[in-house]
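I am attaching a structure below and will ask some questions about it afterwards.
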Amino acid sequence: MLTQQLFNGVVIGSVYALFALGFTLLFGVNHILNMAFGSVFMWGAFAGLYAVTVLDLPFWLALIAGMLGGGIVSCLVDLVAFMPLRRRQAPDFSGIVSSIGANLILLMIAQKVSNTQIMRFPFDTFPIVIFQVFGLRIQLLQLIIIGTALLMVVVLVSLLYRTGLGRRIRSVAFSEGTSKLLGINSSLVNAQVFFLSGAMAGAAGVLIGLTFNSVHYLMGEPFLMQAFAVIILGGLGSIPGALLAGLLIGLVQAMSFAYISSAAADAITFAVLFLIILVRPTGLFGKASTILRVQRR
Amino acid sequence: MTTPDVLQLEGVSRHFGGVPAVDNVSMTVRAGAITGLIGPNGAGKTTVVNLVMGLLHLSEGRVLLSGRDVSRLEAADLARSGVARTFQNVRLVPNDTVLDNVLSGFHRHQTAGMFANVFGLPSARAEAKRHMAEARVLLERFQMTQFAGHRASALSYGHQRRIEMMRALAMKPQLLLLDEPVAGMNDTEAASLGTIFKEIAAEGVAVLLIEHNMRFVSSICSYLYVLSSGRLISEGLPGAVLKDQKVVEAYLGAA
Amino acid sequence: MMDLFLAYEATVDHILVYALLAMSQYIVMRGGTFSVGTAGFAAIGGYGTAILITRAGWPPAAAIAAGTIIAMAVSAVMALPLSRLRGVFQAVATMAFVQVLVTVILNWDSLTRGALGISGIPKVVTTGWLLLIVAVVVVFLHVLGRFSIGKAMDVIREDETVAVSLGIRVIPHQALSLVISGALGGLGGAMFACNSYAITAEDFGFGMLNNALAMTVLGGRKSVWGPLIGAVVLVILPEVFRPFAEYRYVFQGALLMLVIIYLPNGVADTLFAAIRERRVRSSTSAAAARTS
């Protein structure tokens, strides 16, 4: 039924938005494409899963474990893959290559640790509560997902625009050199941003792992590609753009999935991404100066 | 017909969100002379450079190159029209040799076609040889022949400035923009570079010099423009301008 | 000697095919274009060639030429729009391009036989042919790099602002490098198809993308020896590390990171630069010795 698919689209879109928010935050501050971000998401899911299966923690703590896990792995990636490059003032391209390398390592460790198995959250991790509203079948979990995404946007925006940390982050995003001159500890800010974005990805990982009832080492890769689509459609570094684009893409995906096929869903997203980049690379809210080459400003 | 007025700014302005960084500036840079653009820090000199070089849009006014309106020309095309510049922080290709850096200035004068260059046809080879010979002449003129094969980043600051000059001259420009070329140099080094600038101007190039070093400026410029807070506050012969009360105040006020 | 060669023929073929793919990746990166579309162009070349041979009955030579030309045509269409973008966006766009192609190939069953792939491709491309074609491409790229177009690309790659201030137009150079990359990628894919009996969509996915990228990063983006060295090392390395087969990707990942951090110009370019330095230093000291 159409409205059911629309709702599903909103749910999926919320997860994309959650994932993309972390990604766009990172990109906005560092101007690098973190190719290891999908693995951060995946390791957050792993952390949440082990919190439940090994430590027997309840859902809420598992979610926090996932956020912690994602944040820590994200910081590790920064430490090993990005910081040495920043110190050497390497070009952007190096960061992308370095993160591809880090991603490979993170994937392989996860594969080994999980024995290439598809793991699942135990049945009773989250109560299955279903509401029947306006003929729609809505799960509590799905509401939590949408709520979390919206909450994250609010938290992120208030953090960035109403706190000291947010000011420092925006300062470093604008110019790392100038920020250092102003006495801002840019290394600390970088670490904080990596942790923050990793935590958001980790939360997304746990929620997705629960929703689709599967946690496996490759689960992050398709999300990374979706994240590209989201941030480019939404406009780079734009937080409302990430939310909006995430929802849009989620809707498109849900529709394609329901009415065409799952393969079509992916292909359509990537084809749209490709065309958008070629035709209107600034997306919905982005600025041309960040995207196009040397030209009169 | 080559006009002696190589560069003309007519009422050029540039606003950044309501704040005028450059406000109604009109200037002329003539061939065969060194024109100076001075002013305290933050006066807008760099903005003027960027407007002329095609890195910024003009909010108002026009820029004319030998009578031709180039206000909307993109940077690469401006360079191809004969505008060369040196950078405030020397920008060479650090890992390339001195010779390679100088050779990169010859791209403007490519006559052999793309096809010839892709497949290494005789016309491209001949042209490469010609450029190599001309590059060596430049090295000779700047007394850097023995450094031809050295890595640019291994040389001293003074030498790197010379490499940048050679690269700019390789372009055979009609307008040469020098962005604080003697910053950080002692008087002897600056003087020897100044001699080279005078030689270049004498060959017919229009030279626009942006500098802080007052002594240097008054020793080689034949005309000065003084910028302060985006506006021209004085212009004329160096002797008169540097005694102008407004100029003194602008510099003292900014100190 | 001949026996030794035959025993390793498959590896040599593998190196040569990947040399082509690495060179396709190399030529875009030389010009400062961050395209990773090589795997996509290879997919077009490989599948195009395979389909023309197995289903349309074309003679292999014509099919290979056609596959290469189609790949080049696709890259030509993308070239201008891509060249207007900054590096990061070129990377994302070309990644999406590869992804779309793999998905299309997997699902367009009627044309590509979907997940089954295409098999029964006659192995007409022997080691001899590969050697010849790689040699021709190497000479072509070497010549290209020696004159104004290659030199302009070098300046663009090193410092775009400087390039522009010298009158070098960035977009045409990047567009040209993309078209050449498309042709070389298509050729590599076609060679791969006609050397492997069978191909599947997975062959042209992110694995190939990463490999081509890693080879160029490891070898170097300036000298044409870069991708060659990269291809040799990255094909042979897994063989050397065969006992650690399951950790192979960990090694590749670590290698990528170490190289890009500590040897950012790649093995070949760093080596050549060091040799040049030594020659300069010895001639300077010889000159000093003479004058003293």
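First chain written, first letter: the chains are A, B and C, and each begins at residue 1.
The rule is short, and it goes like this: a contact is a pair of C-beta atoms (placed from the backbone, for glycine too) under 8 Å apart; a residue touches a chain by one contact, two chains touch by 3 or more.
What you are looking at is a predicted structure, and each value in this text was computed from that prediction instead of being measured.
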Counting C-beta pairs in contact, which chain pair has more, A-C or A-B? A-C
If you average the CA coordinates per chain, which chain's centre is most distant from that of chain B? A
Central chain of the complex, centres being mean CA coordinates: C
Distance from the mean Cα position of chain C to that of chain B, given in whole angstrom: 40
Between chain A and chain C, what is the gap in Å from one C-alpha centre to the other? 31
Gap in Å, rounded to a whole number, between the CA centres of chain B and chain A: 47
Residues within chain A bordering two or more other chains: 294
Two or more other chains are touched by the chain B residues 75
Could you tell me which residues belong to chain C and also touch two or more other chains? 161, 164, 170
Applying the document's contact rule, which stretches of chain A touch chain B when the two form their complex? 294-297
Partner chain A, residues of chain C touching it in the complex: 34, 78, 81-89, 91-93, 95-97, 99-100, 103-104, 106-107, 160-161, 164, 170-171, 210, 213, 217, 246-247, 249-250, 252-257, 260-261, 264
Once bound in the complex, which stretches of chain B touch chain C? 53, 75-77, 79-80, 84-85, 87, 91-93, 95-97, 100, 103-105, 107-108, 110, 112, 114, 117-120, 124-125, 127-128, 146, 149-151, 167, 171
Seen from chain B, its contact residues with chain A in the complex are 54-57, 72, 74-75
Across the complex, what residues on chain A touch chain C? 31-33, 80-81, 84-85, 88, 90, 92-94, 96-98, 100-105, 107-109, 112, 225, 228-229, 232, 261, 263-264, 266-267, 270-271, 273-274, 277-279, 281, 290-294
